[in-house]
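Both complexes shown next keep chain A, but they swap its partner, so chain B is in the first and chain C is in the second.
And then the complex of A and B:
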């Protein structure tokens, strides 16, 4: 009978360093999916009619929803940081002028672009929305 | 060779992740914090009249469907891989639950947007 050696693994490995950092990064996915659910509820209520949509607006302005969205915002900002921190590892090595571009430079450039994109969307929304 | 379907999930994960990285913070601030509290934005900018106008426009529909479904697929990929690594159940069950939820979100949003009409 084959009895391979299995190294014992702590059941709560994901809640302890160094894995905790990865768990937190993956947890941003929960927040992003939850935000999608909130928006989806809004679209469905919109399709159901004015009273359903007004009920959704009521929820959106509730302290519970505001607290949730503060958590979503923290998760989104953390996601921006981890997303571009990983990016140099997930893309082909970039060569400019015969030299490899430093990973930190790619990360910083990505975060800068993201900050500009979000700021731009805020300004455009401020300008377009009544 | 048996082809894997996972590159498609990775594509959705990457697209949703990039969209969230670029515009996620601003979207959460606008729809979840600034408009509901009226901070810097009028609370009426998301009222029924404005929202239905946005959702009736083809571009508005596209924005809503893309943002909602890609965020859902991005989250589903992370949730699936984490649950799998935590050994919380059979792989295929976890995959069906997470990707299935993202598929359901996409389907329900598309249906609602169709029902809203032009």
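And then the complex of A and C:
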């Protein structure tokens, strides 16, 4: 006698291991988009004139903004880390001399480039700012 | 069953999700207490139960050495091959065994495979020559690089652990899924094959590569390091290229194996 039984999928699979890290990686993308909007608001305020730009600078220096930036920073670091961890799976295989380039090498190279780029940006900012 | 006489007096409790269609409305957990030794696999634990405690327990197995792909099941919540999962690995205790997730249960630990088999069939899992070849042309030649491009995708043993690991397959059973897409890439990535355009029709659809959200757990649970997530995501790239390149004159489905 055949009576196949299909168990319903757990509606909260995304909130539990082993999928939680994936969910956080995707969710931190929202934080990064939000940060892009903050910067975009700055550009628009700059175009609107001196007073608008000063108001934006005032908001950026506020405690609320600083707290947000701490959240953005943590989200960004987590996103960079997990995004480069999955990167070897999401790209065509690099083959050099008939052998795969090791996935860990791609991940480490990606994280190193991100770290160097961030460091370079900090140095430029330090050099440009009074 | 190996070495009954040598089995030590240590005992463990094994919880198994059972489903007997003729008597159970829904699956129920049944516990068995069995003696065990450190080098015992989960499959051996199941065989001990079937041989000595309860002959009605149903499960699939064949080779006992991780090559036939029959004994995939959820072992403490993770899709694993029962023959390859050793109780000594510590974290396996206490033991809880369930049939593979996302598949209909036929009986106890046996799940329905017909949907998976038809998906495998749908991707034309054989080399489709680019043009009719004669014997006089001799064998195909392939460089190491050309072989490396698809070789790991040909290591799949059809154990379906990747499907049990994939929440998108759980949400949408029509998703072609990691295993079938890995096999598809095994042929589409082969320099001898000319069937790419035909197979890409499957990849382009919503149930093709685009159902994947890059969770990546399929590749983690794969006992053969096939890396199906990589195959699926390569096909997202190929599908996107097909979409944009069709606007160029003289370009249909692009040649992927060259």
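Simple rule for what comes next: the second predicted complex is superposed on the first by the 121 of 130 C-alpha atoms of A that agree within 3 Å, B and C clash if a C-alpha of one lies under 4 Å from a C-alpha of the other, contacts with A are read in each partner's own complex, and residues count from 1 in each chain.
By definition in this document, a contact is a pair of C-beta atoms (placed from the backbone, for glycine too) under 8 Å apart; a residue touches a chain by one contact, two chains touch by 3 or more.
Just so it is clear, the structure is predicted and the values come from calculations on it, not from any experiment.
*Asks:* Which holds for A:33: it touches chain B only (first), chain C only (second), both, or neither?
*Replies:* first
*Asks:* Could you look at A:60 and tell me whether it touches chain B, chain C, both or neither (first, second, both, neither)?
*Replies:* first
*Asks:* Have a look at where A:94 lands relative to chain B and chain C in the superposition and call it first, second, both or neither.
*Replies:* A:94 contacts neither chain B nor chain C.
*Asks:* Once chain A of both complexes is superposed, is A:4 in touch with chain B (first), chain C (second), both, or neither?
*Replies:* A:4 contacts chain C only, not chain B.
*Asks:* Pick one for A:14: touches chain B only (first), chain C only (second), both, or neither.
*Replies:* both
*Asks:* Taking the superposition as given, does A:69 touch the first partner, chain B, the second, chain C, both, or neither?
*Replies:* first
*Asks:* A:126 in the overlay: touching chain B, chain C, both, or neither? Say first, second, both or neither.
*Replies:* Only chain B; A:126 stays clear of chain C.
*Asks:* Give the label of whichever partner, chain B or chain C, reaches more residues of chain A.
*Replies:* Counting residues of chain A touched by each partner, the higher count goes to B.
*Asks:* Considering only the contact definition stated at the top, list the common interface residues of chain A for chain B and chain C.
*Replies:* Touching chain B in the first complex and chain C in the second, residues 14, 26 of chain A appear in both lists.
*Asks:* For a test of understanding, state which residues of chain C touch chain A in their complex under the given definition.
*Replies:* Within the complex, chain C contacts chain A at residues 19, 21-22, 26-27, 78, 101-106, 112, 143-145, 147-149, 167, 170-171, 213-217, 219-220, 227, 229-230, 233-234, 236-237.
*Asks:* Quick check on the complex: what are the chain A residues that touch chain C?
*Replies:* 1-7, 9, 13-14, 18-19, 22, 26, 86, 88-93, 95, 97-100
*Asks:* Which part of chain B faces chain A closely enough to touch in the complex?
*Replies:* It comes out as residues 16-18, 20-33, 35-37, 40-48, 50-52, 55, 64, 67-69, 71-72, 74-79, 81-82, 85-86, 101-102, 105, 108-109, 111-113, 115-116.
*Asks:* Residues of chain A touching chain B in their complex?
*Replies:* Within the complex, chain A contacts chain B at residues 14, 23, 26-40, 42-44, 46-47, 50, 53-54, 57, 60-61, 65-66, 68-70, 72-73, 76-77, 79-80, 83-84, 110, 113-114, 117-119, 121-122, 125-126, 129-130.
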